[in-house]
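Chains here go by letter, A, B, C and D, matching the order in which they are written, and residues are numbered from 1 within each.
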Amino acid sequence: METGLVLLLLLAPFVGFLTNIFLGKQLGKNASGYLGTLAVIVSFIVTTMFFLQVSETKQPITVHLFDWIALDQFSVNFDILLDQLSLLWLMFVTGIGSLIHIYSISYMHDDENMHKFFGYLNLFIFFMITLVVGSNLLIMFIGWEGVGLCSYLLIGFWYKNQEYNDAAKKAFIMNRIGDLGFLVGIFIIGYVFNSLDFMTIKQAVIAGEASANLALLGVATLCLFIGAAGKSAQIPLYTWLPDAMAGPTPVSALIHAATMVTAGIFMITRLNFLFDLTPTVQDIIAVVGAVTSLVAASIGLVQNDIKKVLAYSTVSQLGLMFLALGLGAYEIAVFHVITHAFFKACLFLGSGSVIHALHGEQDMRRMGGLKGVMKITFFTFLIATLAISGIPPFAGFFSKDEILMVAFHENKALWVIAAIASIMTAFYMFRLLYLTFFKEFRGTEEQKHHLHESPALITFPLIVLGILSAVGGALSLPGNSWLNHYLQPIFAHKAHAEHHLDTTAYMLMGIAVVGALIGIGMAFSKYIKKGEVPVEDAQITGFAKTLYNKYYVDETYMAVIVKPIYALAKFSRDYIETGLSNVVFGFGNVTEELSMQGKKLQNGNIGFYLFAFVFGLCSVVFYLFFLR
Amino acid sequence: MAEILFYILASITLGTAFLTILSRNPIHSAIYLVICFFSIAGHYLLLNAQFLAIVHIIVYSGAIMILMLFTIMLMNLNKEDESHKSVASKIAATIAFCLVGIVLLAGLLKTKPVVESYFHSGEDFQSIKVLGQVLLNEYMVPFEFASVLLLVAMIGAVLISKKDKQKEA
Amino acid sequence: METILKEIGVETYLYLSALLFSIGVFGILLRRNAIIMFMSIEIMLNAVNLMLVAFSTFHQDASGQVFVFFSMAVAAAEVAVGLAILVSIFRNHGSIDIDNLKNLKG
Amino acid sequence: MDVTIVLILLLIGALATYFSGNALASKVALFFSVAALGASLVILNQFNQGIDSGFSAVWMKNPNVLFSLKVDGLALAMVLLTTLLMPLIILSSFGNNFINPKNFYALVLFMAFAMVGTFLASDGFLYYIFWELSLIPIYFIALLWGNDDVKERKKAVIKFFIYTFAGSLFMLAAFIYLYQKAGCFQLDVLYGLNLSAKEEFWIFLAFFLAYAIKIPLIPFHTWQATVYQKAPTVGTMLLSGIMLKMGLYSVIRWQLPIAPNAAKELQYVIIGLSIAGVIYGSIVALKQKDLKKLLAYSSLAHVGLIAAGCYTLTVDGLRGAVLQMIAHGFVIVGLFFAAEIIYRRYETRTISDMGGIRQQTPKFASMFMILVLASVALPGTFNFVGEFTVLYSLFTKNIAFAILGGTTIILGAFYMLRMFQHVMLGETNAKTFADVTLTEGIVMVAIIGFLLFFGLYPKPIIELITPSIQEIISVISK
C-alpha cells in the first residue's frame, strides 16, 4: 500500500512528462496543460496524505524499491525516505508546483511547444520529488542533477535564441561545478561511514563514530557546501541565476525562486548532523551567505529588468538562508525557505502577469501606472513585496526577523551585513513596485491600448500565493513555533533554542521594521515624490555603473576562466596535437630518410654491386677465420 | 710423377683462366675457357673421378661452351669492341682480386692441416656403379628436382629468347 | 691415380681452387661484357667443384661427387636461362654491356 | 554448447555475407549478427546456471599453444557488448550506400569475430592472433570506405595501422619472454608465474605500450581523431564502441594480473597520465570544428577515466571500469550514429554548418539530447553508474585523483552542451532535415533504452562481472 502510494507520488509527474512529450501534440494545448497540472496535483494529494500521517505518527516512512549501485564496501539502494523534512518540502514543492502549473496553462497558451513545456515542468517535479524523498545521498544526487537538467531545458526553452541557450548552458555547467563538489563530498562520506544512507549516517554520528575523521569530514562538508552553493546560487557560483531568467516566467517562479534553488538548503538541513560536527565549515557558510546576500542586494538596487531585480533578490534571500544554516539555525532557514517560496513565487508570477499584459516588455523604465488596470496583480504583488521587505505581520517578517535575531546573538558583524541587505531589499522591492504600478504608463501607445488584467487562471495562483504570503508566518510564530516542533526529529542535536520574547527580541524586531521602513521611505521619496525614472543604460555612471554591471563578475569569470580554457583548447588543438602527431610521423620520416639514403646504394651499377658483394664476402671470411 | 702432372695441369688451369678473363676477344676467351675446363677434367682424372671427368667435358666443354660460342657469334661479338673501363675500377678490381686471393689463401693456410694424411681403404666409392646407386637411392628426390630444374630452364630459355610476336606485329 | 693425394695432400687442391675462385672474382669485377662475366662465374663454379671432388676423394665418400653433379645441372640451367636473357637484352638494347643495364636503379 | 558457437557463427556469417552477393549482404550480415547475439545469450544463460561454456583444444605442440576460450563473467560481458552492438551497428548502416557491400559487411562481421575472439581467448598466443586479426578488417574498412580525400585518409589509416601494430609487437615480445619462462601461453600459468621485479617491470611496460596505443592514452592518441574522422561511421563505431575496449579489457585480463607488482609500483604514474588524458581530451574537444573529431576527443577523455579506474587495482576501480566500458560503448556508438544521421541529411560534419535542427526534427533532437546527457553521465543513465564507481575508486586512492578526474563532469558538460547547442539549437536551419527513418529510430531507441534501463537497474551486469573481477583482484594482490 505504502509502496504503491509512494510510486504514485513519484511517478505521477513522470507519467505526465512521458504523455506530454510523446502525445502532447496530438492531445492539443489545453489537454496537455491540464494533464500536466493534474499529474502534479495527484502528487500533491498523495503528499498531503503522507504529511498528515507522519505529522500524527511522527514515524518516518521508508520504502525499498530496488538495488542500485554496488561498491566494494557498501551498496546503494533505491530507497525512499519520507520523514518530516522531506514531506514538508514536498508539500510546498508540489503545492506551489500545482499553482504554477495552473498559471502556466494560461501563460504559455500561445507557445507552439506548450506540451513540451508541461512535459519539462512535470519532469522537473519528478526530479524534485526524487531529490527530496531519496533516502541516501546518491538518490538525492539523481534528483539534484535531474533538476539541473530540467533547469537547463527550461531556461533554453526558446531554443532559437542562442543567448538563451548560452544562459542555459551556463546554468548547467555552473551547477556541475557544484555537483563535482557534491560528488566528492559523497565519496568522503561513503568512505568514512561505509554508507550513504541518511539514517545510517545519522546513527553513526550520534554513536560518535565520526569523531576519528573530523578533518576528512570537514573537507566533505565543505565539498557539499560547494555543491549547495552551485545549486542555490551562492558566491562564487551565483552568476547563472540572474541569467536563468531567460526562461519563461513560470519557470523562474518555480525553479529559480521557489524550489530548485532551495535544494542546497534542503541538503544541508538533511545532513545537519554532519555540519554540526564541523564548525569551521559552518562559519564559512555563514560568511558566504551573508556576503552573498549583501552583494546580490546591492546589485538589485539598480537593475531595471523586472525579472533581474527579482533574481538578485532571490540570490540575496538565499544568502540569508545560508547565513541561518551557517549559524546552525536549520529550522529557521527552512522557515525562510517556505515563506520565501510563497512570496517569491507570488512576485515572479505577478511580474509574469505584468509582462504578459505588456507583451513581453521586461524593462521597468517602460512600465508604470499599472495599478489601475491590473488590480489583482497589483494587490497580490503589494502583499508579497511587503512580505519580502519584512513588514509585519506578513510572512517574510517572521522568518527574516528570526534570522537576524540569530545573527545578532551569534555574530554582530554578520547581523549588520544582513540588516543592511534587508534594508536594501526593502528599497529595491519598493522601487520595483513604484516603477511598475505607480505614476504614469511609460510604454508605447499600442501597449497602453492593450493593457488588461490577466485571466483567472493567472490570477487564481496569485491570490492563493498572496494569501500564503500574508499568513505564512503562522507556521513559526515567535515563542510558539509549530515548525520547530515538527522538524525536531530530523535534527541530531536539539533545535536552536527558541528565543524568548525578551526586550532584545522586541528591540531587534523594531530595528528590522524601522530599517525596512527606511528603505521603503527612500524608495518613496525617490520614485514617487521626485518621480524619478532610472536613466538609460548609456547614461549610468560611477559606482552605479559597476553595480548595474554586477561588479563585472561575469566579465571577470570570462576573462579569468573561460577565455584561458578556450585559449588552451585552441593551443592544444593547433599546436600540441600537431606537435604530437609530428612526433609520431617523425619516426616514419626518419625511417623514410634512412631508406632514401639507402636507396642511393641501389644505383643500378652491377659492377658496384659486385664490389660490394666481394667485400662483404671477404669480410665474412676474414671474420670467420681471423677474428673468431 | 703425379705431382709433376698436377703442377702442369694446375699451371694450365690458372693460366688459361687468366687468359680467359683478360683477352679482348670473346671468342679467344671462350677457347681459353675450354682449355681450362679440359685441364680441370684432368684434375678429376688425377683424383680418380673418371665418370665426373667425362661428364664435365660433356657438359662444360661440350654443351655450355658451345652455347656460349653460339651466343657470341649470334651477337656478333667476335671483335674487341668493349669500351674501356675507367682506370679506377680496374685498380679496384685488381685490389679486390688480391684481397680475395689473400684472404682465401690466408684463411686456408691458417686452418689446421689435416693430421692424418690420405689413407686409401681400397673400398670402391667412385665407380659409375656406386655413384649411380648413391644418386638414385640416397639422392633420389634432389635428382628428380634437378631434372625438373633442367626442364624448366629449357622451357624458360626458349620462352625468353623467343621473339615477341605481338611486338613485331 | 688417386695416390696423388698421398703425394701432394689435399691442401694443394684447396690453394688451387682458391686461386681459381679469385680469378673468377677478378674477371667478374674487371670485365663488363656479360658473356665474359658468365665465363668468370663458370670458373668460380668449377673452382668449387674441384674442391668438392678433392674432398670426396679424400673422405672416400661419393656424396661430394653427387653434389658436383647437381652443381653442374644448376650451372647448365643457369647458363641456358642466362644466355637466353642476354640474347633478349641484346635484342632490345643492342649491347650486352652491363654498364648500360641500370633499369633496376632504386 | 560451448562458446565457440559464437565465433563460428560470426565467421560463417562473414563468409556467407561475402558469398551472398551485394544485394543481400546487409541483411545476411544482420541475420548472423543477431544469431551471434542469440548464441551469446544462450551462453549467458548457461553461465548463470553454472555450466562452463569454455573450450580448449591443442592447437600446436611446438610451440605449446592451446586453442582455449575461457568464459567468465568479465569475458562474457565484453562478448555481449560486442554481440549486442553488432546488430545495431549493422542496422545503423542501412541508410548508407556502400560500394561493394558484400565485402564491407563481410569485413564487419570478421572484425566482430576477431574482437570476440580477443575477449574470449585464454591462451596468450591465440589472444595475440585475434588481437592482430581485428586490425586487418578495420584497416580495410577505414581505407576503402572512408571519407574525404583519399590521400589524407590513407595517411591517417596507415599511421593508425603501423602505430597500433608497432605497439602490439612489444606485447608479442613480452609473450615470447613469458613463454620462455612458463613453457606455455596459458593464462592461468602466466598468472602463477614468479617474475623478478625487473622482469615484471619490462613486461608491464611492453604490455602498456600495446594497450596505451590501443586505448589510447595520451600521448599515444594521435591516430585516434583523424582515423575516427576519416573512417566510415560503421568503422568509427567499431573502433570506438568495441575495439578501444579490447585494450582496456586486456589491461584487466592480461597486464595487471601478469605483472601485478610492477602495476602497483607504476599505478600512480599511469593514473596520473590517464587523468591528464581526461582533462586534455576534454579541453581539446572544446574547440573542435568537426563533429566526429569532437566525439573522438570526448572518447579520449572517457577512456582515460576508465583506464584510471583499471589501474587503481581495486574491485571498485575494475568494476567501474568495466561498467563504464559497456556504457561508453553504447553511448559513443549512439553519438557517432547521430553524427551520421546528420551527415546523411546535410552532407557535412562541420559543426558551424549545422544548427537549428531541433525545430525540424524534435524526435531526433530528444534522442540526441539523451545521448549527450548519458555521455556527460547524468545520474539515471548507465554512464553515471560506471563513472561514479570509477571516481569513487579513484577517491579511495587519492582525493586529488577524484577531483581532477571529476573535472570530466564539468568539462564534459561544457563541450557536449556547447556542441549540442551549435548543432541542434538556434534559428531553424534553411536546409530541410528529414525525420529519422525506422531503422535509425530502432537503433537510437535500443541504445537509449539500454542506457536508461541499466542506469537504474545495473544489478544484473554488476553481478555478472563481480566474481571474475574479484578473482583477478585476488591474483593481483597475491
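Quick note on the criterion: a contact is a pair of C-beta atoms (placed from the backbone, for glycine too) under 8 Å apart; a residue touches a chain by one contact, two chains touch by 3 or more.
These are the chains along with the protein names UniProt gives them: A = NADH-quinone oxidoreductase subunit L; B = NADH-quinone oxidoreductase subunit J; C = NADH-quinone oxidoreductase subunit K; D = NADH-quinone oxidoreductase subunit M.
A quick note: this is a predicted structure, and the numbers were derived from the prediction, not measured.
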{"item": "Centre-most chain, if every chain is reduced to its averaged C-alpha atoms", "value": "D"}
{"item": "Length of the line joining the C-alpha centres of subunit A and subunit B, rounded to whole Å", "value": "99"}
{"item": "Gap in Å, rounded to a whole number, between the CA centres of subunit D and subunit A", "value": "37"}
{"item": "Whole-Å separation of chain centres (CA-atom averages), subunit B against subunit D", "value": "65"}
{"item": "Euclidean distance of C-alpha centroids - subunit C vs subunit D, Å", "value": "61"}
{"item": "Shared interface positions of subunit B, touching two or more other chains", "value": "89, 92, 96, 100, 104"}
{"item": "Where subunit C touches two or more other chains, by residue", "value": "25, 29, 32, 99"}
{"item": "Sequence positions of subunit D contacting 2 or more other chains", "value": "none"}
{"item": "Those chain pairs that satisfy the touch definition", "value": "A-B, A-C, A-D, B-C"}
{"item": "Touching residues on subunit C, where the partner in the complex is subunit A", "value": "25, 28-29, 32, 98-99, 101-106"}
{"item": "Subunit A-touching residues of subunit D, taken from the complex the two chains share", "value": "159, 162-163, 218-219, 221-223, 225-226, 280, 283-288, 314-316, 319, 356, 358-359, 362, 366, 373, 378-380, 385, 388-389, 391-392, 395-396, 399, 402-403, 406-407, 409-410, 413-414, 417-418, 421, 424-428, 456-459, 462, 466"}
{"item": "Residue ranges of subunit A touching subunit C (in the complex, touch as defined)", "value": "599-607, 610-611, 614"}
{"item": "Partner subunit A, residues of subunit B touching it in the complex", "value": "89, 92, 96, 99-100, 103-104, 106-107, 110-111"}
{"item": "Subunit D-facing residues of subunit A, complex", "value": "21, 66-72, 78, 116, 138, 141-142, 144-146, 149, 152, 156, 159-160, 162, 165-166, 169, 172-173, 176-177, 179-180, 183-184, 187-188, 190-191, 219, 565-566, 568-570, 572-573, 576-577, 580-581, 583-585, 588"}
